[in-house]
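Chain nomenclature is as follows: A, B, C, D and E, assigned in order of appearance, with residue numbering initiated at 1 for each chain independently.
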Amino acid sequence: MLSVHEVTTAYQGLVAISAVSIEVQKGEIVCVAGANGAGKSTLLKSIAGAERPRSGTVTFDGKRLDGMAQHHITATGIAYVPENRRLFPRLSVRDNLRLGSYLYRGEADREGPLDLVFKLFPRLSERLEQRAETLSGGEQQMLAIGRALMTRPRLLMLDEPSQGIMPKLVDEIFQAVKTIREAGMTVLIVEQRMAECLEIADRAYILQTGRVLMQGPAAEIRGNPDVRKAYLGL
Amino acid sequence: MTALLETRGVWQRFGGLVANSDVSISVGRGEIVGLIGPNGAGKSTLFNLIAGVLPPTQGSIWFDGEDVTKLPAAERCQRGVGRTFQVVKSFETMTVIDNVIVGALVRNTVMREARRKAHQVLEFTGLAARADVLASDLVPAEKRRLEVARALATEPKLLLLDEVLTGLTPTEAQTGVALVRKVRDAGITVLMVEHVMEIVMPLVDRAIVLDLGKVLVEGKPADVVRDPKVISAYLGDRHAVGA
Amino acid sequence: MDKNFATRRRRDLIVAAVLAALAALAPLFVKNVYIQNILVLTLMYAALSQSWNILSGYCGQISLGHALYFGIGAYTTELLFTKFGVLPWFGMLAGGVIAAVIAMGLGYPFFRLRGHYFVIATIVIAEIGLLLFQNWEWAGAAMGITIPVRGDSWLKFQFMRSKLPYFYFALALCCVAWFVTWWLEDSKWGFWWRAVKDNPEAAESLGVVVFNSKMGAAAVSAFLVAVGGAFYAQFLAYIDPESVMGFQFSLLMALPAVLGGIGTLWGPVLGAAILIPMTELTRSYIGGSGRGVDLIVYGALIVAISLALPQGLVSLFSRSKAKGATR
Amino acid sequence: QTSEVVIGATYPLSGAGAQVGVDAQRAFETAIDIINNDQDFDLPLAKGVGLPGLGGAKIRMVYADHQGDPQKGRAEAERLITQEKVCAVLGSYQSAVAVTVSQICERYQVPFLSADNSSPSLHRRGLKYYFRASPHDEMFSAGMFDFLDSMKKKGAKAETLALFHEDTIFGTDSANAQTKLATERGYKIVADIKYRANSPSLSAEVQQLKAANADVLLPSSYTTDGILLVKTMAELGYKPNAILAQAAGFSEKALYDAVGDKLEGAITRGSFSLDLAAKRPMVGKINDLFKAKSGKDLNDNTSRQFMAMIVIADAINRAKSTDGEKIRDAMAATDIPGEQTIMPWKRVKFDDMGQNNDADPVLLQYIGGKFVTIFPSQAAVAEAVWPMK
Amino acid sequence: MTVETIVQSLASGLLMGLLYGLIAVGLALIFGLMDVTNFAHGEFLMIAMYASFFLFTFFAIDPLLSAPLVAAAMFVFGAVIYLLVVRFAMRAKANAGMVQIFTTFGLAIVMRGLAQLFFTPDYRSIPQSWLGGKTISVAGIFLPEPQLVGALVSIAAFAGLYFFIHRTDFGRALEATREDPGAVALVGIDKNRVFAFGWGLGAALVGLAGAIMAVFFYIYPDVGASFALIAYVTVALGGFGSVFGAFAGGIIVGLVEAVTALMLPPSLKSVGIYAVYLLVVFIRPRGLFGSM
């Protein structure tokens, strides 16, 4: 479904990822892990069009994405939840969610996915009128994922969704990811909490200093002694 | 000797929402105390009250034996309250070292000394290599470390850490944990908010759990994680098994 | 430790000294009074903009009302001189002090305001000042004040024909404003200002008293601008409200810093060096047609520089230097 | 011998006053055409080519834009003198700018001929190189009050006055002169309204005028405010008994194009009257020349600018030199009889302050879409209609 | 001072206030809601007035009729200005505010220069139009028709803008783009399209104001300067982010001006407006109804 081929992206001359290739099949949950600054976020940005790759190709359902404007990429069915969430701070929770369905504003029932969002994060339904900027850290993360779901993506990309989330909810979020997959979406997820993430993921990639260090089925990666030592803290 | 920090019956309301209700906690000198609790429990709000960003709707805050409820944030910093922000607030157009110098100036009015202090802190926090980079060019984890460095440069007696160890791989987190210990060994009291139990629990001397703005439980970490109220409100079942 | 930093500071100082020395020699080569006039104006606007930059560039409180302080400097000096015979040198200091006091007095209410609310408040207060002077009979109202020129005198700081004394004063003022900025940049105040500009809440948490920082910046900035105003009044030997307190001065103080690089040490000087000659030359050499072509050229250049170099002309220099440069 | 004489003129050529500056350029060009070419007018230098005193040298103008700013005016005057080597400077419309421009001319000993500034303070500063051929506001105001006196004598209602003036040098000077004369001659000022130039609205001001309901309204306003004043008066149902304007906007075509229908019978002072063409045909012809360039009739400003050029050229011709001091001396010796001007003046002759006291103002009344001279009697072609319709 | 004078003053002030509102409504969108500083607002008005003037002189279309045409033309003009110039001013990372101020300031100068070049600095006005010079008098109180129509258009324009911002998705997209132009792409919004439309709409509203103004005001290249500052104060007084605030701001400005002129010399009447602005923001730092 998504194929990233030899993508290199740089910030003002500084190469952040070089010749990274990954594949995501329809209906999969794929996890990308790696140390700080390994280039995980950069990889997601390059797919989502937030950064322009210097070279390489990104294909989604046979369509070339690299070079496409970011909002067009969103329209092709890729939702991206960035690390810093990027909510609309002074707009209400309701408006943030509504804007998620902006692409479907012509439709009579444009807010179909809202049920799913409220099912996943009931807290949001209690806070509809609150400004996004006054939500607690965890609530903001819920809203960011919720807003992304409102765009009715076929591929959902999450950058460290568990960051700042309480333990109970971390589990819920990973459960939510499973639910989301069951609802027919594909998920590409960047996580530091590899242990939890690998439990739900089908496959995983490990990045190190801008390159793919390792890849394979989740179970296999989890069993790898190097990984256990370096990334799972075991 | 009295506790370093005490909150006495502190309330904070935002319109109809009660973010802190009747919170009375105390932090002793040289402790590392963990402040945990569900998202939206009011932890960051309590930090804001202690640091003086907001005046509490009701109640008083005592620091180092004095009532500081009415003092503005800058004054509290001068008295020894250092804090980080959960949503990082770096000085984006300044370099890393300059960010830290701002903090160092509280106790070092001579520039040369402030600069030396800032460099020390950067060494201490492992940011020395990034000293001349603009804060805006740091990755999020580094920005959080910068928050810590800046606060440390003010030579606080009490350091409030709001989720500074998130987004780290377990290995990296261990470095962070060591850093916090080092801070405490330097004689600084630490009150920290953190959601990753694997990190907090071994680190803290004591844990306070907030829920719905109230203190739910308080005690040794090992006891707290076993508390059924904490498990149901915060940890979830998995941790109940693990603990 | 920190060699780079110390080297850079020293380098700035040496460059400034060399430039100032070269400038001081300029009159040996530039005999043409028209060009001399442009040089005086360039130096004056460089000084004004450097001063404006302290409050608006470093401390981030964008003021588009600095014409108020300029006018206060001019009026204080000339009212004291024409009404009480006080020498302009004292008037200049008095004007500076009064402006600084007013700036701090206004600071109490103003510094609570943020963003556009603050900018508009500064515009509006300068406009009120203008209207009051326009209607203040004792201060000459619309008729202004004509400064009696009675021959060359350093005491009275007035010179019939030669521009050189004005030139050297403007140069000195420019050097002072630059040096004050240079000095404050690496001081507690300089750091506080930049911190306040970037994030007041964080600054407060680090012991910075945001309000006092702003007050300090406002006082220094207003004082220097008022001295500039006093200079301008002596230079022109005639003042009226519009020609020393008009909105265009507020813009002309901000513009060099913005085009040169706001909140930087060299921005205002660089900006003034390009902008003021450009303003004067376009008007002089294409303004005579009466077709507005000079406006089109002038405006288009401002648009072009703003868009091409949003960080100001200084970014041309810092970019060529090692990347990851400090500022 | 020089084949070319360069004269400088500094005017607002961009910004709010640009219209006057641009019209001034056309007026100067008209005069230069007449001087440089052989034309059959009874004006100094019209016949023959160029300036005979300088071997037929021709005049070339250099214009400088001062944008209404005294500092820029000064810089431009200095540039004209030192760079362009002009031997005389003309200007400058705004009186504030004339202050600094004339100072510079004094320093460089180059004559400044003030074509159209009317502030009385200008010639009283002891400047040797300052000249003004046309009347200043006190003379104009005196003319206006002479007229009022004569109307009163005829039994017309003209007891109470309302002053309406902008908050600039021009407006203030004019109002001061009028206030002084009114007190001296026993008129009662029932409203003295100072307003901010180029205000977006004048309704509050007009209401006060309306409430005062004076016998005569004396506005001192430029075109923009003049248009707005008249429109607002109509909107608020205020029809003054009589309007007696201190020229400025009230002698501009643009104002009458906009609100002429509401100004039937309005009176303005002026230095110029097209009626003179009946007596002095060349006035009509020169007006045609000017109209061909600008599309407008000569008015109060452009006629004075035209004359300034003739006067300065005449002095240079007599000085037989482009030396500033010699031209100054020639200027001081100027004596052009009224018939050799296009103005209703007695003659052009400067007193020791450089002011021409023989420039009599006229009063014009706007009747049937054009101006007719109604005062003083020797120039008048019609009786004043009073009150205005 | 008679009762009649006071009533007339207040009536005139109210009408003038609605007119100030009309002039400010476009700015309320661009500056107030989109948070882009537009120092060329007065020049937009000037262009619109000229458009109205030339449509009248060459095609004898009454300003009232040509208002929609002018608005449409101004829409295109505003969008083009955004796409060609302002868009790039918004890319600045630091000091975006200053870059916007001076880019639009430069633009204002260019527009004045072009107006002088093409239209000459002559003062123009439309002498005869349907409304020009007409006035209604009720019990001795005069209400000029152009201003009355201006007031109605003003109310309609504000109501329209209010509806647009609060009831349409586009309005919400506009606010979101202001909040974080880099983030709207996450929900599939093209920020340039939204902002170009916003600028177009803002300019179209100025177009309406220009058409009404042309009926009774003079026109020349610098005419915008008379209104620019009042328009900024109106928007700020009402509060950034609030359409209703700008509307209320306009009315307050008009009334305050009228009342000040009753009490102080008229040359100081703007001092009243400025003082009220300062007073309001000292008490409420976000203006009367502002949310930002």
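Here is the rule we use: a contact is a pair of C-beta atoms (placed from the backbone, for glycine too) under 8 Å apart; a residue touches a chain by one contact, two chains touch by 3 or more.
Just so we're clear, the structure is a prediction, and the values are computed from it rather than from any experiment.
The chain with its Cα centre farthest from the Cα centre of subunit C is A. Ranked by separation of Cα centres from subunit E, the top chain is B.
Computed from the mean C-alpha positions, the centre of subunit A lies at a distance of 76 Å from the centre of subunit D. Chain centres here are Cα averages; for subunit A and subunit C they lie 50 Å apart. For this pair, subunit C with subunit D, the centres built from the Cα atoms lie 38 Å apart.
Work out the mean CA point of subunit D and of subunit E, and you get 37 Å between them. Not a single residue in subunit A touches at least two other chains.
Along subunit B, residues 92-93 each make contact with two or more other chains. Counting only residues that touch two or more partner chains, subunit D has 14, 18, 21-22, 167, 194, 196.
Those residues of subunit D lying in contact with subunit C across their complex are 11, 13-14, 18, 21-22, 25, 62-65, 67, 69-72, 74-76, 78-79, 82-83, 96, 99-100, 103, 107, 121, 125, 167-169, 171-173, 194, 196. Those residues of subunit C lying in contact with subunit E across their complex are 62, 64, 109, 112-117, 120-121, 123-125, 127-128, 131-132, 134-135, 251, 254-255, 258-259, 262-263, 290-304, 306-307, 310-311. Taken in their complex, subunit E has these residues touching subunit D: 2, 5, 8-9, 12-13, 16, 20, 112-113, 116, 120-125, 127, 133, 135, 137, 142, 144, 146-147, 216-218, 220-223, 225-227, 230, 257-258, 261-262, 265-267, 269-270. Taken in their complex, subunit C has these residues touching subunit D: 32-34, 37-38, 41, 131, 134-135, 141-144, 146, 149, 160-161, 232, 236-238, 240, 242-243, 248, 280, 283-284, 287-290, 292, 294-295. For subunit E in complex with subunit A, the residues that touch the partner chain are 169, 172-173, 175-176, 179-180, 182-191, 241, 291-292.
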